[in-house]
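Both complexes shown next keep subunit A, but they swap its partner, so subunit B is in the first and subunit C is in the second.
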Partner chain A sequence: MSVEVASETPKPFTGGTTLLGGAAVVGIAGLAGLGTIWGSDQFYYSYLIGYAFTLTIVMGSLIFLMIVHAMGATWPTAIRRLPEAVVSTMPLLAVGVVPIWMGTNNYPWMHLKDFAKFQETLHVLNHKAMYMSENGFRTRAVICVVTWTLFAEYFRRSSLKLDSQSDPALKHQLKVVASVGLPVVGLSFTLAAFDWVMSLSADWASTMFGVYFFAGGFLSSFGLMAINLTLCKRAGFLQSVNDSHVWSIGRLMFAFTVFWAYISFFQFMLIWIANKPAETVWYLLRIQPDYRWVPYTLMLGHFALPFFFLLWYRLKRNLKALTAIAAWNLAMHFIDIHWMIGPMRHWQDHIGTIPKAADAFMWTDFAAVAAVAGLAIAVAVFRQRGKFLAPIKDPLYENALRYDSR
Partner chain B sequence: MSSDALILGNPTDAELSDQLLSPAWTPKHKLWGLAFTITGAGACMLFFFAGWSIVTGIGLWGNNVPVGWAFDIINFVWWIGIGHAGTFISAVLLLLEQKWRTSINRFAEAMTLFAVMQAGLFPLLHMGRPWFGYWIFPYPATMKTWPNFKSALPWDAAAISTYFTVSLLFWYIGLIPDLASLRDRAPKKIQRVIYGIFALGWRGSADHYRHYRLIYGMFAGLATPLVLSVHSIVSCDFATSVVPGWHSTIFPPYFVAGAIFSGFAMVLTLMIPARKIFSMENVITMKHVDNLCKMILVTGLIVTYSYFCDFFVAWYGGEAPELYTMMDALLFRKGPHWEIFYLTVFCNCIVPNMFWFRWFRQNLYVVWGISILVNVGMWGERFSIIVLSLQRDFLPSAWATYNPTYVDWGIFTGTIFFFSFLFILFLRFVPFVPLMEVKELKHEMHHHQESH
Partner chain C sequence: MEGGVFGEFENGEKLVAAARAFKQKGYARMDAFMPCPVHGIEDALGLKRSRLGWAVFPIAMVAVISVMSAMCWLNGTDIFGGYHLNVGGRGGFSYPAYVPITFEAGVMTSALSGLLLLFYVCGLPRLSHPAFDAGNFERATIDRFYIGVSEQDGKFNGETTKKEMKELGAVSVSLVPGDKP
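Up next is the complex of A and B:
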């Protein structure tokens, strides 16, 4: 079996000025919006939402790249530059950790006095104080973003070297670094999820939380891949990427739609059925009237709808349809991330009581997403300019283009 | 020949047929006869101890209060877990277009079936009155004795019976073309008749192949969610409760990874001697061994990650009973049988890391040794979760120590013999390397070489 490979003279990426300019304007506007509430509690939670939304997708792309290198997988070589462009925003996100670094004041473990009347919670907070301390939190944040940036830059830069010359030794090195790096990145990402999001609750803990935080971002990273592929194809690049590649992206979207649902469902079901007060409070807070529509939206929109659409073979081979689902998916990912973080906004108000309704979506949440994601897009486009959109001298590239699966 | 090849040499189709079908009619290997006798005797021991338990009651076992679940559920989870590799190899790797699954999938699927059979024995025996086993199903009982749908046990019964049915059908459908080859080449009439009945009139026409492909792909699609669901449900037997050490939200994916981990180890344990005894080194190559080792490494790391999350969050959550069970009883060695926990960590978290190095992956003695250790470790993991948690739950006044009796050991080792007994029968009666698919792979690879 061999497929017709569309003849295409690879050329470096040019253009994208509109996207770059537009994204930068949106990003700066978002920043300006956030600037109006600088320093307030609302600023922190909104920023965390925007940052977590963007970071999970970038980390999903990084982990995908590492898996591809570790497995020596062939077909993704044809579209590998797309996730590489996404992870090229990691230095920006590393700088973007500063507000989180400064925002420790928004976590309950910094306010033991508030819990004076609630001995059990106070006991737990005291118990973990040696880990959940301001210094520990800040040190871990720095270690995490530095580690991720180093890996992201390494994989992108090494891959760019494969644009000019084929280098089997470098391929081998990439494989080794990816294999050894995956446990490191996986573990640090889990700890970051515990620190930045899970510890927003005073005494709630879930062993699944790291996986849950990862699952949505990983899924969205495939969606973003489909969107980026569409943009590149429209601009006249990557013409030799064929239906089989699209199908593979579609299959991954399908698989991880199910994975996200599996992880979310079991986390919920196990907490619901055991019915321990310290655990159910997390969901109790998130089904208050202002938020009640969110879990239903997630069940339907994050799982059921895309699941049934993506079951369809021909749809998964159709880039246009896939792109539409991917865009929908990104919106759902935003709601999912918001659901994790947003309801914690007024935790001081409901210490020791049945949680009250939190303010649901605020305009600053959208401003934060616009700021972080907008600037990230601008950085990615900027860094991609003048570079090829595929690792054309990669030893696997020719075979990757010939990928045929139906 | 490089160690990367999936088929060594360049055998013709006829040579492959002769080689892969030969175990079905060449005279018995001496080793096979010996293994048949030993495992057959061991299986009889299983039936003896199981029969005795049914007649006398499960007071013969070491179970006590609070350890009401011990060997029966440990062995159940262990065997079910081992079964997972079969479905993973045959269904998930098929969907992932992994060609290396071809020579080992039938082998692994048979392992699944026999492992699930062993697993199924334990809940039945644990009931004490196995003749009431059907109570677990929601049949229209006039006494309105409905199962409690909020209990994970009826979910288990449904998940496992589905799993067994789908695995059996998947395995059988895969066998049909090879059964037809056996029918066509068998030397004796009786063999031709029996294989002929099971071959369902397969003649290898294009239509047959078209239908076969369609249904095989459909079963792969059906079996894939089952790989995930079965062990997730098994993990719910524990995670839905509030027992310290059991109630952990990461249990479902953690159990699935652990199941695949132990299943791959068992595939290696069985495959390394079988390929030697039946001289199948040219179709089950070092590349297969290498890939299986890498899968063990990956799933082992996921298991290690899950242990980390479990222990870290137990500490982070700061609940007294959880802290005592996980930290004091296990980590700080204050509970009875803590050695098993350390053995588990050694076998599951440390030993598989040897597979980072190619040298270990290429040395069959090392690989075989590690595969055994992984299975010991995975048995220990279930012992740690189940017994070590139950021994030390909320109230110190309710604590007790569990010690298995010789009946427990007799039943457990008996299932290992019974499993092996079924397996060596399988090795002789059907081709354990799928003939049709290996031929297809050979032609594909040949074609691929020509087209370059």
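Up next is the complex of A and C:
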């Protein structure tokens, strides 16, 4: 009647020393690399790429957790500790907002004088000045990271309480907080996307941008889940997680591969078909010679290739195959994030024109990803030590292990 | 349509146990009729995952490719009755504009072909089925669970199968002949 649950005595997570040490070394090396260009324009854009790459994945995991609690979903209980370990890096990312807090000087709305000759752009910038001001930007940045950290810590800590005793009242509280918190986190994340990334373009606006920023991260958070599951299984944990759970992660990866493609393509298509100069400039800048290969790579690599692989039932049920696709997805997510931010480097040098060449990938972009993601991995592993890798006393846990779906 | 022996059971657990027992006895051609989903019945009946996707996918791909090529031909060229359409200086092959239509064609074709193939495979539409003549069968939509063993099963033998069904706890058992093809 039900699936065979692999017998396993849950034990607290130990080890991971190599991963912790390796990630910390990579992170510190990345920080050192970034330190050599501290304070320059290049530092800010590289850092923003590394930060946005990591943040979108962490926020994707947080929103997934909140959806799971709000819905009272059963099967994710078996793997819930994996996204919880990911969101445990939120305090680090809250500290990591400092360079963004300090970096307002890199945004065009701080330099109205540079646009004196371009009346229309100036008009748009003046119109937005009430909202896009240095104080507004900084206040919103602090509110955002504090909100996210509070939610992330709440969900992680409450779940850890369920390791020692089953508490239906706490389960209910989690459900209420998740339902109330989802719109708060969703909206604040959209505002952050508008502030930190979209406002790099002086007069460009897309109502879809917040969703675009979120879609890639949400997809990658499932990828990271598959990778983490592989690592845990290889280390001898989570043996009772079965093929049906893997398939569920695979289905979500498939769904959000399509979701990402839908969002990003239709944002492009609507702008392309309306053909208004203020809107098309965003894409025009991003198909300059140095970047021309990127949209094609994203079309094929971020959508077509994973789509046709994930269409296949057996691949979605196979953790090894899924992990390979997940790793590929993370690389594509980096290119996607880079494409949003990288081309805006040196926007001061070409106000009113489209540059003939931009610096595409610079070594500092990779250093920034190494710094933020490396330190985040180190923090996540460190905070997970001594804790169970599944909420073993959660009222839904036993049922989650018996999850069978074909 | 095939007839066979139909057994009525009181609940889902008994249904699954009986289906499992029949499978162990070597029966393969069986079906279950239930008023609500019963966990594990596919496994107990030995049903495999539907292969419909393998037929639907190529059909959808053919639709996608032909719709895309049709638009490239009709709006992108002047040959064979095509009309080279230049909207807002975008040129003939404005393939981003073709994507929504291609996508919708793919979705529609897979949905329709899936539905039609399902009808074909299940022998639908039909007005009657031998199972309807089994005793109390209308309760299959209310509160009773049925197993049908087909008369075309290699191991099928009217009286023996009926006896086996009784032994497995069926409340009522009926042998219904199939209709003539």
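Going forward, the second predicted complex is superposed on the first by the 404 of 406 C-alpha atoms of A that agree within 3 Å, B and C clash if a C-alpha of one lies under 4 Å from a C-alpha of the other, contacts with A are read in each partner's own complex, and residues count from 1 in each chain.
Definition applied: a contact is a pair of C-beta atoms (placed from the backbone, for glycine too) under 8 Å apart; a residue touches a chain by one contact, two chains touch by 3 or more.
Being a predicted model, the structure only gives us computed values, none of them experimental.
Engineer: Overlaying the two complexes on subunit A, which is it for subunit B and subunit C: clash or fit?
Structural biologist: clash
Engineer: A:H127 in the overlay: touching subunit B, subunit C, both, or neither? Say first, second, both or neither.
Structural biologist: first
Engineer: Where does A:I273 make contact in the superposed view: on subunit B (first), on subunit C (second), on both, or on neither?
Structural biologist: both
Engineer: Applying the touch criterion given at the start, work out whether A:P183 contacts subunit B, subunit C, both or neither, answering first, second, both or neither.
Structural biologist: first
Engineer: Once chain A of both complexes is superposed, is A:R406 in touch with subunit B (first), subunit C (second), both, or neither?
Structural biologist: Second partner only, subunit C.
Engineer: See if subunit A has more residues touched by subunit B or by subunit C, and give me that chain.
Structural biologist: B
Engineer: If you stack the two complexes on chain A, which partner ends up touching A:T56: first (subunit B), second (subunit C), both, or neither?
Structural biologist: Touch partners of A:T56: none, neither subunit B nor subunit C.
Engineer: Look at A:Y313 in the shared chain and tell me whether it touches subunit B only, subunit C only, both, or neither; answer first, second, both or neither.
Structural biologist: In the superposition, A:Y313 contacts subunit C only.
Engineer: So which bit of subunit C gets in the way of subunit B here: 63-71, 81-89 or 135-143?
Structural biologist: 135-143
Engineer: Hey, what residues of subunit A end up touching subunit B and subunit C alike?
Structural biologist: Overlap of subunit B and subunit C footprints on subunit A: residues 1-2, 269, 273.
Engineer: Which positions of subunit C touch subunit A when the two form their complex?
Structural biologist: 13, 16, 39-40, 42, 44, 49, 53, 57, 88, 90, 96-97, 99-100
Engineer: Subunit C touches which residues of subunit A in the complex?
Structural biologist: Per the touch definition, subunit A meets subunit C at residues 1-2, 265, 268-269, 272-273, 275, 311, 313, 404, 406.
Engineer: Mind pulling up the subunit A residues that touch subunit B in the complex?
Structural biologist: Touch residues, subunit A against subunit B: 1-2, 123-124, 127-128, 131, 179, 182-183, 186-187, 190, 194, 203, 205-211, 258, 262-263, 266-267, 269-271, 273-274, 276, 278, 405.
Engineer: So in the complex, the part of subunit B that touches subunit A is made up of which residues?
Structural biologist: Residues in contact with subunit A: 97, 150, 225, 228, 232, 236, 239-242, 247-253, 301, 305-306, 308-310, 312-313, 315-319, 356, 447, 451.
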